[in-house]
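What follows is a pair of complexes built around chain A, which joins chain B in one and chain C in the other.
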Partner chain A sequence: MFRIRFHGRGGQGMKTAANLLSRAFFLEGYEIQDAPRYGSERRGAPIFAYVRADREPILERGAITRPDLILVADDSLIHNPSAGVLQNVNSRTVLLIHSEVPGEVWKDRLQFPGTIIGLPLSAVARSGAQIPVVSASCTGAAAGLVGVIRRETLEPALREELTRLGESVIAQNLETALSAYDAMQPYAGCVKEGGALSAEDYAPPDWIEIPYEDSTISAPVIYRTATSEQIQTGLWRTRRPLIDYSHCNRCSWVCSTFCPDSAIHVDPDRTPHIDYEHCKGCMICLAVCPPHAIYMEKEQPAPIEGGAR
Partner chain B sequence: MRRTLLTGNGAAAWGARLAEADYVPAFPITPQTEIIEALAGWSERGEMAGRVVTLDSEHSMLTAAAAAAATGVRVFTATSSQGLLYGMEMIYTAPGWRAPFVMVNVSRALASPITLEADHNDILAARDSGFLQIHCATCQEVLDSVLMAYRLAEHPQVRLPAIVNLDGFYLSFTREPVVIPDQEQVRRFLPPFDPGNVAFRADRPASQAALVLGGSLYSYFRYEAHLATLQALTAYEEVAQAFEREMGRRYPAVEAYRAEDAEYIFFLMGAYATKAKDAVNRLRERGMRIGVVRPRLLRPYPARILQELLRGRRAVAVIDQNLSMGMGGILYSELASALYGMKDAPMLVSYIGGLGGRDISTEELFTMAAQTREAADAGVTPEPRLLYTAAELREVRKMQTIAGSKLPGHMEGKNDE
Partner chain C sequence: MSEGTIKSMKNLPQEHILGEGTSLCAGCGGLGALHQIYDLLGEKTVIVNAAGCMTSLAIYPYTPFRGSWLYTAMASAASGAQGIRDALDVLIAQGRLPTEDDLTVIALAGDGSSYGMGLSATSAAIERNLDFLYICYDNEGYGNTGQQFSAATPWGARTTTSRGGHHGKKKDLFAIWAAHHPVYAATVIGAEPLDLARKVEKAIRLRGPRLILAMAPCPTGWGYDPQETVEIGRLAVRCGIWPLKEYEEGRLTHTRIPQPRIPVEEYLQKQSRFRHLFKPERNAEAIAHIQAEVDRYWSNVA
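Right after this comes the complex of A and B.
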């Protein structure tokens, strides 16, 4: 069975990528299972999706714990612990990262046990206005890497899944998918199907007797205030608002009041400051600023050291 | 007939569409919303003749469903979790009207604390309502069960509403290959509803479900509803045979997988049953004679079938994806009551797990199989086990520390400030 995981951010098309790939497998005669996994979903938040494909009906369910192939939409996710990109990897795992940084460099940085392949984002995906949409690139690359999906299967797969988006979207995505497929030809077939877990040689669960604890501990109460500050929602941001203080008229309230995440603080001298640990990059401040003193830059791909921003 | 890829929610919507439901009162809730989105889209584009109407709550939705059913039209609706509970007054009221309709429930665990992921405490809260209940393990089964549920609910000897249950996320948002039958094929299996006396009209007023005092009248109607529910056991067999003749797929009231010669059995319902089948295949490679028994029909309860299937086994690992506070697993206690006093009854070992969407890993299933065999060898029934790992408890400690719980020193997580 092929067990494949897609990691990206809400809005990058990971659910679509899983749908496209499973459709291609299905057209090649495979049984499939695909699903997205996310919590209270928001654009920009890390999500993942998975595909299982096998010649036999699939009985396994739930998140993939022994991945044969992992595709990463955007290299800034690698260092985001809540994305869980590297969970359960082993020496058989192939990891494909959309990144300008070559695969060998990533392999060295991450001390990764399996194979890493870097794939630069296509011009089409990069030109996307907000979050780069990389579903077609992920699908094309995955189809190339597993080695059992023919190039000509991608078109009917995309057509079936994307019909409602119209001909031009299909054509654009097909071009991206085919170019990713072709780029993977040197590695075609390097992803091997994983076997079944043995009922003899396995790690038993570390079960415990869950202890009785009184309600001062065991009620689901959050006693501490403002704990949400500990969640760095700034990691969800793909665009960064910046304040041009030479144009800011120190009105003291418009941007900070409209910010839905209370991520703009105002000094006593009326100067606003953006809290980039928590700003999600929604750009409402940019839209409402009366003197247009807020502008936008794209977030840069992952800084490798020292993380959060 | 067309074989394509559908989510469990997509399969449920296709079931309602192919059943040619006339009326769909709806209210959205995660993880059920896609079902009514699909139906609303088809209705809007004229691909489905039935009318989709959004109501102001699940209570109104169920009232509308039952009232429409009482006029003799075919009604479909869907809900989940907190929505099911919000409509609970009508869940218990509707069956007494003896007007059939089908509702899909997408299982999601109940508050508190609140979550979005699956377990079966929501659907089991409707256990004693008089609704028939069919539980699904695959997306194909969801589509097929909606069709079967109509024929069962509308059966002249039954005339009760039915719930088809599927697990949130594990089925609702998971795509699998599904055969969508042709409309003509479905019409042969499920002809238009012949409502008979279920035909309320404004110009022929009748009083639906009257007030009865004194107990005797009340008891009569309740006993009759119970007896009608039991009729559904026989009717189910007829429906399953007709379905197999038309569609070629067989759905017994209780599914038995590799159970013919099995000494040990995993007993559970819902989507995790396929995981148990996978574990059975692996365990059989290592020589263990083990199988899966899965009740599809939970109401009426197929007690006799379970007695026949489980007689003479050494032991059964009952896996409850639910928890009755202060008692334990609901499937376990129901199975124990069905087998009590039976000659050659197997030992029952109780496991509680999968609450709020927690995974039950293949390794855990292997361990349950091993423990169940050891318990049978020793002849001593172990205490019920609440599946939980040391790693999970460590994660809880971290969260409690962040939340400011006053943990004793030895319990504190690494993230304490």
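Right after this comes the complex of A and C.
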């Protein structure tokens, strides 16, 4: 059975990528299972989707714990712990990262036990594409890497899944998927099917067990206030707003009032500070600042310490 | 009419007390309004939240609130608010809760609930003269589930269940509330913080059923770059499609009369939910229809 995980952010189309790939497997005669996994719907937050494909009926359920192939929509997700990209990887796992950084560098950085392939999105997507095509690139690359999906199967698979979106969307996605498929030909078939899992292989999910409340309360109670501040939504950010204090006129209210996330604090001397642990990078502050004292930079992947978990 | 303390931008709260780290979309116009409202409400509140986008604010064990929060089914925010209000009143009457520890009961619901499923329960609560503040964040569709159309979706807008443009008309929830003769009702938008703060301050001082109806520009559902949330909100006010107004003591007042009103298409063309009105070819008839509806509204404003 092939066990494949797609990691991306809400809005990048990982659910669609999984749909497209499983359709292609289906057209090649496979039994398939595909499902997205996300919390409440939102853009920018890490999500994943997964596909199982087998010649036999699939009885396995739940999120994939022994991935044969992992596809990553952008490299900022790698070191985002809540994305869980590197969860349960092993020496058989093939990891494809959409990144300008070569795969060998990633393998070294992450001390990754399996194979890593770097694929720059710029290499497969036409510049100026009007729609996010990283999903199609994930699908095309996955189809190329598993080695059991023919190139000509991609077109009917995309067509069947994307019909309602119209011809130009299908054409852009197909072009990207085929480029990614072709780019993977040197590695075609490097992803091997994993064997059946036995009960001994079961790994409990990585969550905290919380005891039941007293039955008179019969509902979970949070005793502390504003606990949401423990969640680092700053990891969603792909762009970073920066304040040029030489231009900030200390108006004391515009950026901090309009920031929907309360992520801009103002000192008593009226100097604003952006809390990068929580700023989601919406850039409203940049848009509303009267003296245009806020500018933006692309978020760079932070250096990585230690290896794969 | 009591005079408020918020006279200018400088009087707006400097401290923002709604916790960071919520899982709402970057650039959420609903959160943009809610955090401004919450800064004024403070922590001595119980938020009774109908299912919707805002229920993902508080996901156990995380909450951005500094006071209490209770989750209800989509149609039940006003009923939940009634239960909480009654419980507080009973506890105070029995001497089990000091009067100074009383809490303000807030219903928080989106347009799917407020304009549709929850409307009957809300109507009954207003009729019972329930002492509560009802906050509706109106993003003109079922945003939490991917923007299906709701009773608040404007005519012509594309949603996932109205791909060719919505055929229904946006309900006038403000007028429905006003028809119940509540103590107070107002429309606000996060893009106009001073107008919002004055109205919220007024609502806090009153007792009885009160509505704060906030238009909530939605980058995800309406289709625009998150950084444009404030700009879209300002355009909504300046083109007249979102009138800022209040109802108090039986009287309706417009707190902002845009003059001159900019053409409504400046607002429409910034959002992909209206893109089909401009591309592949311009649908002049539909745009004129939307403009005419806005013009007709303002022709009735004295």
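Rule of thumb we're sticking to: the second predicted complex is superposed on the first by the 240 of 309 C-alpha atoms of A that agree within 3 Å, B and C clash if a C-alpha of one lies under 4 Å from a C-alpha of the other, contacts with A are read in each partner's own complex, and residues count from 1 in each chain.
Note that contacts are C-beta pairs under 8 Å (C-beta built on N, C-alpha and C of every residue); 3 or more make two chains touch, one makes a residue touch a chain.
Worth saying up front: this structure is predicted, and the values here are computed from it rather than measured.
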Touching partner for A:H278 - first (chain B), second (chain C), both, neither: second
First, second, both or neither for A:D261, with chain B first and chain C second: second
Contacts of A:R43 with chain B and chain C, given as first, second, both or neither: second
Partner chain(s) touched by A:A287 [first = chain B, second = chain C, both, neither]: second
Partner chain(s) touched by A:V105 [first = chain B, second = chain C, both, neither]: neither
Which superposed partner A:I222 touches (first chain B, second chain C, both, neither): both
Partner chain(s) touched by A:Q230 [first = chain B, second = chain C, both, neither]: both
Which superposed partner A:I210 touches (first chain B, second chain C, both, neither): both
First, second, both or neither for A:S252, with chain B first and chain C second: second
Interface residues of chain A shared between complexes with chain B and chain C: 39-40, 210, 220, 222, 227, 230
Residue ranges of chain C in contact with chain A within the complex: 9-10, 12, 14, 16-29, 31-32, 35-36, 43, 53, 55-67, 144-146, 163, 190-191, 193, 219-220, 225-231
Residue ranges of chain A in contact with chain B within the complex: 19, 22-23, 26, 31-37, 39-40, 58-63, 65, 196-200, 202-208, 210, 216-217, 220-224, 227, 230
Of all residues in chain B, those that touch chain A in their complex: 5, 112-113, 116, 169-170, 173-177, 271-272, 274-275, 277-279, 281-283, 285-286, 288, 359, 361-364, 366-367, 369, 385-391, 393, 400, 402-407, 411
Of chain A, residues touching chain C in the complex: 11, 39-45, 164, 210, 220, 222, 225-233, 236-237, 251-253, 256-266, 275, 277-278, 280-284, 286-288
